[in-house]
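One chain, subunit A, links the two complexes that follow: it is found with subunit B in the first and with subunit C in the second.
Let's look at the complex of A and B:
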């Protein structure tokens, strides 16, 4: 069976693994690899002191890059369940996993609040 | 670091700063890895320990050890041992003693953070007591603003989204200031605190050091740096990439065109 992604990468070790988590992991790795190039091209494209054709060329190169190299393709996912909805970023946990763990006293400092 | 930032103070006569912090909340050290020894290493360690123990016992036997503890009240005795309580043990029941600052120059600030206030007080009072016996004047243990963060989640895993449950995390903060001490004593104090740090408390220290009044002259005498050359040794990867791109053939022709 051919490899599903254009490039090979390591499976994340410290989180729940599913197809969607792997897809996100791939995008994260690709973004970190191309971050410097993207920012350099963006700098050239937005620098008004450079000639317009050079700026246009930079913008064209930027749009020609694959979509998985851009930051806005990355979505925070729950480390314990792989869910992408209502992830609490302080703990990197989905609301249900967070609630279970908080009620069990597994998250330091978090208590049930009542007032 | 996650969320917490160091305090940055600037004073005219004190331009340089050093700082360090422990982050025992976030990076609790895994004891299994640290203490792991192969059998040979373990045997060697045991041998060294035995020799050290023997040497220690010999020194104890060689000199006559005098034990003259000071007492707050000699008539009061400890119920279990039947002996009077030494003054340093007795003083643990009271608020830590402090030395008053003579000059009032702030030398070091320790900031403590944690989710348990009792362990914060324990850590802070330990630091204050250590400072007293090292002769460092300090401020009392100040309480800073506690931070309460509320998390409201839907109670059920599916549907009934109107029923919520609230959780909160309280972060307590304390600070103490050391005055007028020599930097060597401050280093000794901080390393002692670092050695006996408590798990679950985040320590952050910012140290202010003094420079001579001729410091500005020293800066002026430094080798002159011209402004455009200042960018030559820059290690910013994006700047280097921009430079490479603009030198490449595709961009070169457009750059030459305009001229």
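Let's look at the complex of A and C:
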């Protein structure tokens, strides 16, 4: 079966894997690879002291880059279920998975509040 | 009659002092608040942290690794057997995955 992403990358072994998790991981890797280039272009585009032509050129180059190299394409997903909604960022878990695990006592330091 | 108090230094003089202080302590000097984009260059790279979100594969070995390292132990992953059992169970009820289309 062909690899369905433009670039090959290691499939995460220690988390729940679904097509969407893979897509997110792919974007993360691509973002980190292009981060320096993007920052350089961003710097040129945002620096008001540089000639407008260079700034415009940099901005055009930024927009010409693939979408998957941009930061705002990355979404934190649940590590245990792949869900992207109600992810508690401290635990990287979706709220239902968090609840189940917390009730089972699997998350150190977390217990049901009672006073 | 001259006052005991010294005259307040001019704004220009104060700015000169501030500029000197900035030069000494290595602070940025940008009194007109020009947008120079230096904050982009100064920021730490986010990529290395972001890539680690779903875990680093090399951090801990998986069950598969142990199976590969110790084939003589004939290890069986209970989660894998459960998964296969569930697939068989679904197939019995005709709820399994559809067959691949033949070209």
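In this section, the second predicted complex is superposed on the first by the 112 of 115 C-alpha atoms of A that agree within 3 Å, B and C clash if a C-alpha of one lies under 4 Å from a C-alpha of the other, contacts with A are read in each partner's own complex, and residues count from 1 in each chain.
Everything that follows uses one rule, which is that a residue touches a chain if its C-beta (ideal position, glycine included) is under 8 Å from a C-beta of that chain, and two chains touch if they have at least 3 such contacts.
All values derive from a computational prediction rather than experimental measurement.
Trainee: Should the superposition on subunit A be reported as showing a clash between subunit B and subunit C, or a fit?
Mentor: Overlaying the two complexes on subunit A (C-alpha atoms) leaves subunit C and subunit B fitting together cleanly.
Trainee: If you stack the two complexes on chain A, which partner ends up touching A:21: first (subunit B), second (subunit C), both, or neither?
Mentor: second
Trainee: Output check: A:36 vs subunit B and subunit C. Expected answer is one of first, second, both, neither. What do you get?
Mentor: Both partners, subunit B and subunit C.
Trainee: Could you tell me if A:10 is touching subunit B, subunit C, both of them or neither one (first, second, both, neither)?
Mentor: Once the two structures are laid over each other on A, A:10 reaches subunit C alone.
Trainee: Touch test for A:88: subunit B only (first), subunit C only (second), both, or neither?
Mentor: A:88: touches subunit B, not subunit C.
Trainee: For A:102, is the partner it touches subunit B (first), subunit C (second), both, or none of the two (neither)?
Mentor: A:102 contacts subunit B only, not subunit C.
Trainee: Return first, second, both or neither, reflecting whether A:110 touches subunit B, subunit C, both chains, or no partner chain.
Mentor: Only subunit B; A:110 stays clear of subunit C.
Trainee: Pick one for A:51: touches subunit B only (first), subunit C only (second), both, or neither.
Mentor: Once the two structures are laid over each other on A, A:51 reaches subunit B alone.
Trainee: Which value in Å is the smallest Cα separation between subunit B and subunit C when the structures are fitted on chain A?
Mentor: 6 Å.
Trainee: Using the superposition described at the top, list the residues of subunit A that contact subunit B and also contact subunit C.
Mentor: 36, 39, 43-44
Trainee: What part of subunit A is in contact with subunit C in the complex they form?
Mentor: 10, 12-15, 21, 24-25, 28-29, 31-33, 35-36, 39, 42-49, 71, 74, 76, 79, 92
Trainee: Applying the document's contact rule, which stretches of subunit C touch subunit A when the two form their complex?
Mentor: 34-38, 40-41, 43, 45-48, 50-51, 53-57, 59-60, 62
Trainee: Given the complex with subunit A, which residues does subunit B contribute to the contact?
Mentor: Against subunit A, the touching part of subunit B is residues 25, 115-116, 149-151, 153-155, 157, 165-171, 200, 237-238, 241-242, 245-246, 250-251, 254-255, 257-258.
Trainee: For a test of understanding, state which residues of subunit A touch subunit B in their complex under the given definition.
Mentor: Residues in contact with subunit B: 36-37, 39-41, 43-44, 50-51, 53-54, 57-58, 86, 88, 90, 95-96, 98-99, 102, 107-114.
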